[in-house]
Amino acid sequence: MTVKNKPMALDAGPPAKLDADNQAYFAKCREKLGFVPNVLAAYAFDNAKLRAFILMADDLMLGDSGLSKLEREMIAVAVSSVNHCHYCLTSHGAAVRQRAGDPEHGELMVHNYRAANLPPRQKAMLDFAVQLTEHPDKIEEADRQALRKAGFTDRDIWDIAAVAAFYNMTNRMAAAADMRPNREYHYTVRQHMDVMSESPRVLPIKAPPTNRAAARRRRGKAG
Amino acid sequence: MTVKNKPMALDAGPPAKLDADNQAYFAKCREKLGFVPNVLAAYAFDNAKLRAFILMADDLMLGDSGLSKLEREMIAVAVSSVNHCHYCLTSHGAAVRQRAGDPEHGELMVHNYRAANLPPRQKAMLDFAVQLTEHPDKIEEADRQALRKAGFTDRDIWDIAAVAAFYNMTNRMAAAADMRPNREYHYTVRQHMDVMSESPRVLPIKAPPTNRAAARRRRGKAG
Amino acid sequence: MTVKNKPMALDAGPPAKLDADNQAYFAKCREKLGFVPNVLAAYAFDNAKLRAFILMADDLMLGDSGLSKLEREMIAVAVSSVNHCHYCLTSHGAAVRQRAGDPEHGELMVHNYRAANLPPRQKAMLDFAVQLTEHPDKIEEADRQALRKAGFTDRDIWDIAAVAAFYNMTNRMAAAADMRPNREYHYTVRQHMDVMSESPRVLPIKAPPTNRAAARRRRGKAG
Amino acid sequence: MTVKNKPMALDAGPPAKLDADNQAYFAKCREKLGFVPNVLAAYAFDNAKLRAFILMADDLMLGDSGLSKLEREMIAVAVSSVNHCHYCLTSHGAAVRQRAGDPEHGELMVHNYRAANLPPRQKAMLDFAVQLTEHPDKIEEADRQALRKAGFTDRDIWDIAAVAAFYNMTNRMAAAADMRPNREYHYTVRQHMDVMSESPRVLPIKAPPTNRAAARRRRGKAG
Amino acid sequence: MTVKNKPMALDAGPPAKLDADNQAYFAKCREKLGFVPNVLAAYAFDNAKLRAFILMADDLMLGDSGLSKLEREMIAVAVSSVNHCHYCLTSHGAAVRQRAGDPEHGELMVHNYRAANLPPRQKAMLDFAVQLTEHPDKIEEADRQALRKAGFTDRDIWDIAAVAAFYNMTNRMAAAADMRPNREYHYTVRQHMDVMSESPRVLPIKAPPTNRAAARRRRGKAG
Amino acid sequence: MTVKNKPMALDAGPPAKLDADNQAYFAKCREKLGFVPNVLAAYAFDNAKLRAFILMADDLMLGDSGLSKLEREMIAVAVSSVNHCHYCLTSHGAAVRQRAGDPEHGELMVHNYRAANLPPRQKAMLDFAVQLTEHPDKIEEADRQALRKAGFTDRDIWDIAAVAAFYNMTNRMAAAADMRPNREYHYTVRQHMDVMSESPRVLPIKAPPTNRAAARRRRGKAG
């Protein structure tokens, strides 16, 4: 395995022998996605760190909430766009494409949610998430009030904040450790909506070509 | 034609009767790309403005230069990433994917070129382009010197600056007019490199589904 | 109980009936600190969210690491200073004062670590944490290299990043929910070092006066 | 000719043999202004680049528009003030002084248009131009709506944006190439309004002293 | 006397022989506070500079004004919080604690005044002071109008601005010269409000331990 | 007298009966400059405030220093350029033109000192002043060391900082009070260097036209 295939640039230590729960989670990833997300592989040098990360991420993105799962992914991507986080834009951009069943919607969140003509509820939601990302020190009661006016409960506001705050954490972990997204994400739900089935899902993808080959080709063209 | 299919939100006036040279350029676009880029449609209310834009863009991106065409597209995308320009990230992101023959390279430029492990020449080129974008008032001889040290001639520096400066203009036109990228760009060169032909090119794409249908579907899921 | 005594302004729901592990953790807090930190009370509306937060925070701040516990608290405070987070500056400012056994060291971290004449190792550590906080998109290999040069291992770098990233999350939760620090923190380790015992610890503090009285007094003076 | 008299620091190549149209334009400059603006001299190493620049600049600043020529110059200067562009502040500052027939109005635009007590129309126009300059990613329909409310048509909005965007381009070219303004601009329309003729114009100015002499004198005084 | 006890890092020259008025002021400080503030000791290399500083500071903070002395200290601290000025946050943080008779109020101003639930008058006052600190170029009539609406006269607005502007000066002097606050400030008014007398005042404090000892202890713990 | 001729927009109160020293200073201004600078007129509602301002300004700009008077004016203008202060750029821009005997040097400082090809000493001086203006919290020993390396003593560093800090104060006073510069400044030392006498000075200027007339003329042109 070459350096390029490591989940991150940082050498935090060899993979730990996974505890049963972490091992089961990795197995579930392989079954559902066809691979273990590199962010989890990055945390796998330590069972306790991996467990805490999984618990928090799973609760936030998949637990009960007044926000749809798509909305939570939209927050993840809008925050990651501000922070220019390659890992999260790749993986959660794919998640937005998949949950929306719309490749273009994913691109809009990656580029600039303000170009997306969102309904007022989602516009207010992302305005808050981005303000919280850029100027956490300037959040005031008026900002919370704007969300309530857009139809969110206080519990919803907690969830918007919690997802936005979590990606402000993971964006920084990805940047500090130079995490590299699994290449499969780039190719997830890129088809036209018209030809997509009604329930789009990520198909297991056979191993993509080695980066070495890619680099060779790129150099040739960039010349 | 619905509002969503207009090339921009701004109503700058009806399309002008195109002069022969502009008409010929539009014909060439349709032949080569299968469509007229919406940025040109946006300028088409006035022949003089359209001509000046085409002349400048074509010279910068396709004219003689010490920079490869891929490198010029990389600058376009890195600048547009700083400015979060949906139109340019969509259209020039596609161009990077196409010229590099590598979808992942395009995503890297859209997200954050610093994650791309670029060779020193291209890293220096994009560092300069981004500094010029973010802090034009702080450019000094030392910045030019860094480019010379990375192997660029003064004429190359002009070209790096000219492309970066041009997209600082078009990013702002797209934002002010709310230009919407042609939907075809989203689907350009999304295949695995391994299955791509040696000379990738954009195939004419049959009309994508109406946005109305897309919006309906998205609302259903976002609930 | 008046509004002012609530752990946060947001009404995310009534406290959940705590699961055994969470209940035990709260008991430990009361025993060791004399109170349950309001950030935990804020999360207590949901057992899963509370558990994930406790697991992550405890591992980061108290688990095995090449960083001392004081150093981790210094990162927490330096990050919170950039983000102007009242909750975290109050609670972790107290922790720095306590772990350093030096009230002035805590104030320096709250105000500006650059004024603290830190040894090169800790200066490099906080420079990285603050850069990661302010410009996560600009972190490059050179930044990691600076830490290695200052004597940190890659695993240490992970820990510096993980603590800095975590407080970029909690600062935003505290801002979004308007969390209010337990008043006891303000009074923790404020004595002169000379009169302090060799192993300073937080003494349980009898209930401070109601805020109502405080507000009355303040108004009188501010007139 | 000394280095100081070159139109820019960058050595992009020797002047091209000018095509007829470019040659005619230079002749017109010499006739009307008494000199060829250095920005044109800078582009003169390449006929195509020079032509595209002239076409675009002329159409924007002198073509049909709902904006007066003075208003377009005011936008040019307000944008250049944000970007601290010495070349454009010098040349277009002179243009504002000349078109307004008021030296003080030019200074206000160079320093800070907010100090100028402008009529609401022009205040809204420059607020938009400056927002587009500083935060192109944050432009929203509400910003366009504010211009419409101030009396501008959508076509006017295009023109405001186009001028602001163009100077975001040229400011960056001037910074990257270190362009030096023709010295004549500094001395254009500096007289009291009272003693100015009703139709102020730039008189051809005899060659100013060499920079060498200026530098000598300055050094002497700065000691 | 070791380097650490110098009032600042910069060596601007030996203390001047103080003129009578300056000498009297120093005597008054020693009588009232128990020490001469280090900012004055820093200016003491030159009688004229010291005098001008004292005259301006005394007039602003203690002279006639529609603002209470506490409010003026609150402005000083809110401005210094934006500028992260260790010296001023230490000394004027102590002043807020003392004048408010409330340690927690001082901490709130140091950390983030937006967390303080201030009455609208004081909220408007600090919003203006902070806007003036962060974006002096963007102050407009609307900002002054907001203060008038909150009940301030034009003369009050002058005073708010004058205090905010003054600390924008002193914050920068303290940063440039690396001024170190007198250690006594850290220990001023740290008691619970309940046990404080009705008229809190700074008691003369016996010399704190040498920094050398503190540093030794800190190193031991930080290990 | 119309509103436009008031020294500032704020109505801080009627002019005080000036004390003898302040009166003498105003007389000296009238004699030397031909007018009282509006910043002094603005402070004239209160003798104590006026005196403190004059003492500090005079000492900084005219007192003994290792910096030439021109250099101090250059700092004033470079700082005011960052803060976009119309009052100070007008009045101290004039002072630079006058002391340098070079109108172009004044414009360079107003626009962007980085375009001025300054000798290393003055470049370092202004780099420090601007860093202190933009990021006072980030000043470190290395910044002071850069000045020492450029030949400045610690006392010189104090003076650079003191002038930069002072204009960070006055820029904010001018912004908050909307001070308007005396119109004479606009017309000071605008002549070619070649035709200027060896010892340039500001000649008393006869009253400029009323603003009313100017506004009328401008409206006519701007239409």
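Each chain gets a letter, A, B, C, D, E and F, in the order it is written, and its residues are counted from 1.
Note that a residue touches a chain if its C-beta (ideal position, glycine included) is under 8 Å from a C-beta of that chain, and two chains touch if they have at least 3 such contacts.
On a predicted model such as this, the values are computed, not experimentally measured, just so you know.
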Ordered by label, the neighbours common to chain B and chain D are A, F
Same or different: do the copies chain C and chain E touch each other through matching residue numbers, with over half of them shared?
same
Using C-alpha centroids, which chain lies at the maximum separation from chain F?
A
Let me have the rounded angstrom distance from the C-alpha centre of chain B over to the C-alpha centre of chain F, please.
45
Hey, how far is the Cα centre of chain E from the one of chain F, in Å?
27
Chain centre separation in whole Å, for chain B relative to chain A (CA means):
25
For chain B, give me the residues that contact two or more of the other chains.
84-85, 112, 137, 139, 178
What are the touching chain pairs in this one?
A-B, A-C, A-D, A-E, B-C, B-D, B-F, C-E, C-F, D-E, D-F, E-F
Interface residues, chain E side, partner chain D - complex:
137-140
List the residues on chain B that touch chain D in their complex, please.
9-13, 45, 48-49, 51-53, 55-56, 59, 63, 83-85, 128, 132-133, 136-137, 139, 141, 144, 154-155, 157-158, 160-162, 164-166, 168-173, 175-178
Given the complex, residues on chain D that touch chain E span 112, 114
Along chain B, where are the residues that touch chain A in the complex?
4, 68, 70-71, 81, 84-87, 89-90, 99-105, 107-108, 110-112, 115, 122, 178, 180, 183, 186-187, 190-194, 208-209, 213-214, 217-219, 221-223
